[in-house]
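Some structures to go through are shown next.
What follows is a pair of complexes built around chain A, which joins chain B in one and chain C in the other.
After this line comes the complex of A and B, so read on.
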């Protein structure tokens, strides 16, 4: 018998084996494809000379810094808009008119203002991360059980305590979900900026491999980005379960 | 307790007969609909008042007015002679939906602690007080449990403990046992009676269970629906301490139950 967990790997492994056989059978010569074995070798070599690690570091620094900045701004506004309805109505048109701008469309301006490098990339990632976190944390606060707000009123909690002891903990599981979503977006946007223009990180490394006519290396980077995305999400899911296991338990019970 | 018209005695100086909670010609409109119309009502310090009525008659709304969670459209609600413009820490509210009123991310001890934190008790003193309160409501060994790990009856005890932590002069209870099974409910009724006896708090207790109202109260008020107004007022002179068997078999208990039952039937017709 095959263990349950291993079944999920059956299909990808089979596809890789078939690809390898096919590539060897037709003596593949291509600028866009490479046999899986060549991709694996290219990845191992890129690890050996450290180029993958440098690129990964650059991309993750930009993605995480952007996520932190954008997340903080989005969270602050989301909480403020969730608590103060007047503020929400005041900002509605402004937010709804800025939000639809694709973050990548800021590239030309950011490039002129900040030049190549981390700063420009971080700003664009931050812009992209503000919105999901703002919208979802605002909704999380709007969705807090009204009875809890009444309890805080009945106990005459100070406004600071009401936010700190009731509103934030009650909204936290959903805010964390927003961060998970934004983390995925941060990685996508960071790599996109690198592919488009910024000469650092994994995106730039893919472009270099492409221009060097190295499909094996290009695909190796692609594979590696997928691994990073998977690890990032898995890590956040584990953290979420660890941090909010009890809140999840409550939601199931009611 | 004498039956003197408390309203005429309302004075600026302390008076044991002065009502602690007073509704004067209170009307409340919500969303263009009159929910409560012209209710005048005095509750004396230490009195146990029960409010009954068909569903939708405004019993819960009346309780929220007393709590300061709603403001009347006209008329006044006062507490110790002062208008209720917002909730007060010495008025505790026990909500029916204990599952929603407790903080799911805090343990039983943490939930009780919230009320102590609100009143500014230094953290060094809290632990002992929390132990004492949990013991008082019969949850001494559950301090570390989360609400989701507790039964409905235990959660409601926990909410009561949090309310007692406020050291309330008045306890406002909104169908607190409505969602509990009969055995748990009777046990909690007796516990509430002894806790209230010990704390000397004034109680307004909203319920749709007529027997519960008679069993617990010094006085029962029945509301008529659409809009909510007082339809019946009964003094309950059954001897205390009350007993689940003998009190409920008392001929006077049965007479009162009959009277309230007829009132509810007539109000629904």
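After this line comes the complex of A and C, so read on.
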């Protein structure tokens, strides 16, 4: 019997070994594929000359800055809409008509208004991050146990105290889940903007490798982008479990 | 009750109209240069001109076509693969962890690889859109198959049903809510990737149109294109949720 953990690694290892053997057997000369060993060497070299680290830094700066701005805006609106139902009903049409615009469609607008660089990327990432956080934090506040609100009323808390002491702690597990989803979106949008047009970061690096006909380097970057996505997601899942324990997991299922 | 809903809806439309008026005012007063921000009047005029001239129709159809083909290929492949993997415990324990590792990969990173393999062609766009849109459906199908009530499988065994019959009569219907919500998610992915592919490869569609408009500083056309993309996103999501409600009517207590 093979242990469960080993089964997980069997498939990727088998694919890599087969690819390596096949590439060597036919003396692969291709613009789109490279043997895994060459990819590994390219990745190590790109780490040595620092180009991977610079690109990673650029991408992560844009993604996190956009996440911070979009998240703050989304959270502020989400809390406001969740607390003041009138406001929520009045804004419904406006929000529902802006939300379906695909974030990447703003790219040309951001391009002519801000030019290439961090700023346009941050704006687009922020736009993409507003919505999941707004929608989920609004729902989180709508789902707060009504008795907690009654308690806050009985204690005559000021509105600011009510938000700070009752509403935010009660809604925090679900708001963190929204933040986790938005962090994934931020990374995806940042890489997409870089691939489409913006000449900085990992997306631009992988495009350059493709145009330079370096499939080994291109696949190395692809692997690295995958690792970053995986680490970001795993890190946030672990943080969520650590911070909120079972509360986070139960609510995720709904 | 119904009346108050209508009144709130009307008030909500009024607020939205107020924002459009504000936008018009900002544009009229030239608080922002008209090169970047056309008024809603100019964007609307550009929409009307584009549709009556016929140019915008073909762009719109181009984008819808890319989106639909990629999404359909992804739906069929995703559900078939998901059923194959999800219906066997052995497959699940070997393949599912690799898929979980691939899932957080920003799918647009596959674009350079696709360009290297297919060049800047329609085939590249189809591959990228299908590859991006397959994940939500694939994972939803596997998850849905794994979460089927075990007693249903026992029933199937005692009825001596074949594996195909189990898939079509028990697992697929029981996983359909998961699959449909996966399909809804991938619609959005398909739209975004269509736009990106059109921008990169210069394929006929709204993505290419908004990029060209931006390059020649025709901001009214640019906004018209962005508004149209929003309309596509809205209408496809609406259609999908209608289909979903229709197909899941049989589920007691759902919605």
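What we mean here is this: the second predicted complex is superposed on the first by the 238 of 254 C-alpha atoms of A that agree within 3 Å, B and C clash if a C-alpha of one lies under 4 Å from a C-alpha of the other, contacts with A are read in each partner's own complex, and residues count from 1 in each chain.
Simple rule for what comes next: a contact is a pair of C-beta atoms (placed from the backbone, for glycine too) under 8 Å apart; a residue touches a chain by one contact, two chains touch by 3 or more.
Here the structure is a predicted model, which is why all the values come from computation and not from measurement.
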{"item": "Which superposed partner A:26 touches (first chain B, second chain C, both, neither)", "value": "neither"}
{"item": "Contacts of A:169 with chain B and chain C, given as first, second, both or neither", "value": "first"}
{"item": "Touching partner for A:145 - first (chain B), second (chain C), both, neither", "value": "first"}
{"item": "Contacts of A:161 with chain B and chain C, given as first, second, both or neither", "value": "first"}
{"item": "If touched residues of chain A are counted for chain B and for chain C, the larger one", "value": "C"}
{"item": "Touched partner set for A:153, first chain B, second chain C, both or neither", "value": "first"}
{"item": "Chain A residues within the chain C interface of the complex", "value": "4, 7-12, 31-32, 89-94, 96-98, 100-109, 111-113, 184, 187-188, 191-192, 195-197, 202-203, 206-207, 209-210, 215, 218-219, 221-222, 225-226, 229-230, 232-233"}
{"item": "Parts of chain A lying in touch with chain B, wherever the complex brings them together", "value": "145, 147-148, 150-151, 153-157, 161, 165-166, 169-170, 172, 246-247, 249-250, 253-254"}
{"item": "Interfacial residue positions of chain C with respect to chain A in the complex", "value": "8-9, 11-13, 15-16, 19, 35-36, 93-95, 97-98, 101-113, 115-117, 188, 191-192, 195-196, 199-200, 206-207, 210-211, 213-215, 217, 219, 222-223, 225-227, 229-234, 237"}
{"item": "Complex contacts: residues of chain B adjacent to chain A", "value": "67, 69, 86-89, 91-93, 95, 97, 99-101, 103-105, 114-115, 117-118, 146-148, 166"}
